[in-house]
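I'd like to ask you about the structure that follows.
Should a chain be cited, it is by its letter among A, B, C and D, assigned in written order, with residues numbered from 1 in that chain.
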């Protein structure tokens, strides 16, 4: 009898999820004669046993589609909202896994998913994960699929703002996603030629920002573009204990509203300090949407097929990390619970400073 | 001696301004041997006599550029901020016009610019205007350049939001520009397949919106996309006297912040009424940026060259309106002070309703 | 019992077909309680009775999709290749129409489709057509859906060629579609700032082209971009009887190969006459692909819903023409067999000349 | 006195050249107080001493521009066409280098440029190179800037062809650049989901291709998309001595015409063997044009600033290779004359086969 592989997508959605599902699924079916069973809406679908068979037809034509055909959720096996309560549903999930006689469960997700996957591994399930997130904050992998696409979208946005900024005397603030890290804002800011880039790894001093804007203004440059990571904080706030810490980890509405308020406050602050009008663009979920970039499709396909090879070899309990042109299995224990921040001596930080970008410190 | 044509761009910037400058300028120079003098930053540059000669070289390569190489401002000749005061500078402007011995002054702008242009016409100056704005609210013209580009950008944004919205159970609210009218939101909402479209011309009832969202939810549709014009108002607010009316007409920071707050409040209101998470995207100046669409470049070139023909014929005091495949001069008196709202019986309103879009009423 | 509407898409595919199917279908179902039956692959599917029910689910999510979910073909009812022979299958088609008790048959297509539709109308069937084609050559309508999208794609291509052309001393020839007319080449050439635009309506003299290139070269401009319509002909060839006339009307491989050879020959001819290297880009089916532009989606939706209104009113035997912001039924007799060429005094021709474009004559 | 750095761009142009010039130039000026002198049109400008000072103003606003502001050529110092002859102009070039008292000469180019740079190094000049090419065939570097952009363009083209291919029963052949290697065709083919990918590294058997197309056809798939590298050869031709070898290395018109003929012949061959219509798209210089992708801008900026650091440290005679997130100097001797082919056991080759792609063997 052919082996049955389970698969789910969890956490915030990310371009490339469908490409990865297709890469894993098609290769499992065609190259090894396995069968593939999708669970809907992340770990919740595994708990509720809501499934969809992923055959060649279901996997056809999804390479270029944004989102995930399986749906996703931020639910965690051990803290699942059920009937108004938060319950540990790991037992149920394990039971469903066993009832399906799964050979392995593939979990596509970001940092949170790695933690959940590790818990299931510790229950003895055969788990493999793929690193997806637009934030690029998963440890032990060169990169994650979704990041390049989001980078392209945010960069294109900054390009557009540039062309309109030239026409007026203004500060334009654009809020870029990235959760607790600055990869997306640094990348898009650098690629888009933002004058100021604010990232969580380097708390900023708003007075220095205002000075940088005014210096540009004095040298005849009519505008300044500020790319700010949603997680960026000022030096004053950086010292404070984060009373919203829990919000941060679940991407809730309350958190998003609060972050956006930060950005609006930054814009108003700069306006006050410089006397220049400011305008705000909140990219929001734009950065998660649309067809994945070519690079992300290739990465997702590459990791998806490598995952199938690992399943075939019986290598479980690992994340399939991107490594150079290829991939490498990394133990979940080495990934879970870690966040890949930007090192302050990263080449891109140096590049940004060398071309004259203000990083707020 | 060859005739000298003055030109300026005023109001909010709009894709296609450079294409129009090029069309007008190149044809004036090449076809009629005229010379072209640009004034910087709208009417302010005319007052301060800050000029740039627009020769073949300056006009080359700008067809595809967003923004305006002349710069723009929202200053009005008769209410110009000078040294902390608001002064009527029409005399100075007229003097500069006469000192340059201009054959004509071409003003590229939206509704506000038409009014300012009419005032100068009434002083006896030879004025021609071109209708530019992303809002499409200029009267007596089929359309305005900038609109098609902004429509494309806003539609692409809704497309992207669609692909991510599918993956989660959510309401996504996207704020679209448009000033006091709904052309941009209606167009982009229809083109993007938004489930709900809110425009100033049709005040909305938030309870009906919540009902529409819940109805979709009950029928198994996981998400709803709401395209809201920045000027849209609820039925309750529609009755109130608008104490911010003046803000509206100058596109100031205060106004923009207030409008965005409206959108955030709408999102939170829907969240509360439906129990579904909501996310907000504020496109902001994205909609003014980037290369103009092919259609806008053609329109701008067409109106720009038609403008040169009119100057050559000595036809002044008119706006060059887009009419079918061609153009038509319309007296400034018939344009100034009017706003092109969407008629409630417009074919697009009917189309939107027929394909099941909720318009909030 | 609810009315049943048949629908098919015929001729070369065009962006916006799915948007039109959705607009027509959703409004028929939701606004009037009709049912919709699709026939596959144009008139062939009607002959072979290959159908697909178009319900709300089938029509959902297709607004942004290129191509046509129904498939298409260039088959004509009265000249259908069947079992190696060309047969008149109009009787069979009429029979199928009657067996389904169709209230009306909606045919989405270009010039050829209008002719086929008229033949069926003359048999007494209730026919309505929508004008689709990237060529914009359908008579009696302001425009056709598909054209704006193809225009955008071809323009973007010319934009890209511009940026690379600047770097080398070269002639770049780009072949644009358009069948027997020059709308697409003229539009994209104008929007992309091509230096030379060649259209079927104006036969060209290659010596004049070479002169224009050399003149640019002498004035320090390193490159020339030539946008050539696939149907453009030189003055010498224009006089000759077209022995390939039949190819032209069916878009066959032989025809396409021949046209492309024309373009390659033009490039080599220019190379020889000017001594400058030339490069060729053949856009080919790129111009038919991808998501429809916002304007095309709106147009297709608008015509689709207007079509439903006409069906409801019992108005048959017409094409739903685009007219200003709205639409208008035009008798098929006034459309069939006519081609909308560019009039030589068209505003765009004048615009092109005024900004210095060489049209080859 | 401040150090003077010379810079030139050579070979075929590539997106990201301006971003690299900006990264190198801005950091040289701002971080180390150096001055920068550009030579026009590659080594030819160095020979003819045609220069442009690259100050802050010249380097501003070019980050997003395709092409190269310096111009480029394929001329080689030791084989320079001068007055109808091919001469060794290395002495003149060396003399100009010395007369300008250059601290170093930065050469941005592909494989050919590395060879030319090495020759100048052997004359004792301080040379540093950056690896640029859309072909990704430079040895000893992870990747080259230009490649990601071209990959994106070719992938988008395949996406578009997909949507139209669905509508007809057809073979669509798209010719992708790549010179003698298959990186671009493999990448774009994989990302675009091409059914068949033909690369120079794997000579193909046209009968196997036809079989693959017919197999798809029998299983109900209406179309096949073939992504063919311009350098791909059939097994029969692979054995033959390449009488055009010299063409290959200089990207001449004759070579390009010949390659395109190969593609047309392939299309006709498939048509004959399968009985299905085929259509051809030749992307040509589209793949070199337009704004560089975000990833290419970041890469180019990163390598450009790293180059400045190396100049500052007095490290010459090297290419600045991309290595992981950073960069690494590699001796020119290790790079020049080598071509980075795709290894037949490359992860992407395996991925392609695992998802069912036909590679023609």
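Things to note:
Methods note: a residue touches a chain if its C-beta (ideal position, glycine included) is under 8 Å from a C-beta of that chain, and two chains touch if they have at least 3 such contacts.
Note that the coordinates shown come from a computational prediction; the quantities given were computed from them, not determined experimentally.
Where touching is counted per the definition, subunit C and subunit D have no chain in common. Mean C-alpha positions place subunit A and subunit C at a centre distance of 41 Å. Between subunit B and subunit C the centroid-to-centroid distance comes to 31 Å (mean Cα coordinates, whole Å).
Each chain gets a centre from the mean of its Cα atoms; for subunit A and subunit B, those two points are 35 Å apart. Residue positions 156, 159, 162, 291 of subunit C each touch two or more of the other chains.
Chain-to-chain contact here is organised cyclically: the chains close a single ring, every chain touching exactly two others.
Listed by label, the pairs of touching chains are A-B, A-D, B-C, C-D. The touching residues of subunit D, when paired with subunit A in their complex, are 22-23, 26-27, 30-31, 63-64, 142, 148, 151-152, 154-156, 159, 162, 187-188, 190-193, 291, 293-295, 297-298, 301-302, 305-306, 308, 324-327, 346-348, 350-351, 353-356. Interface of subunit A with subunit B (complex): residues 9, 13, 17, 65-68, 71-73, 153, 156-157, 159-168, 172, 222, 252-253, 256-257, 260, 264, 268, 271, 277-286, 288-291.
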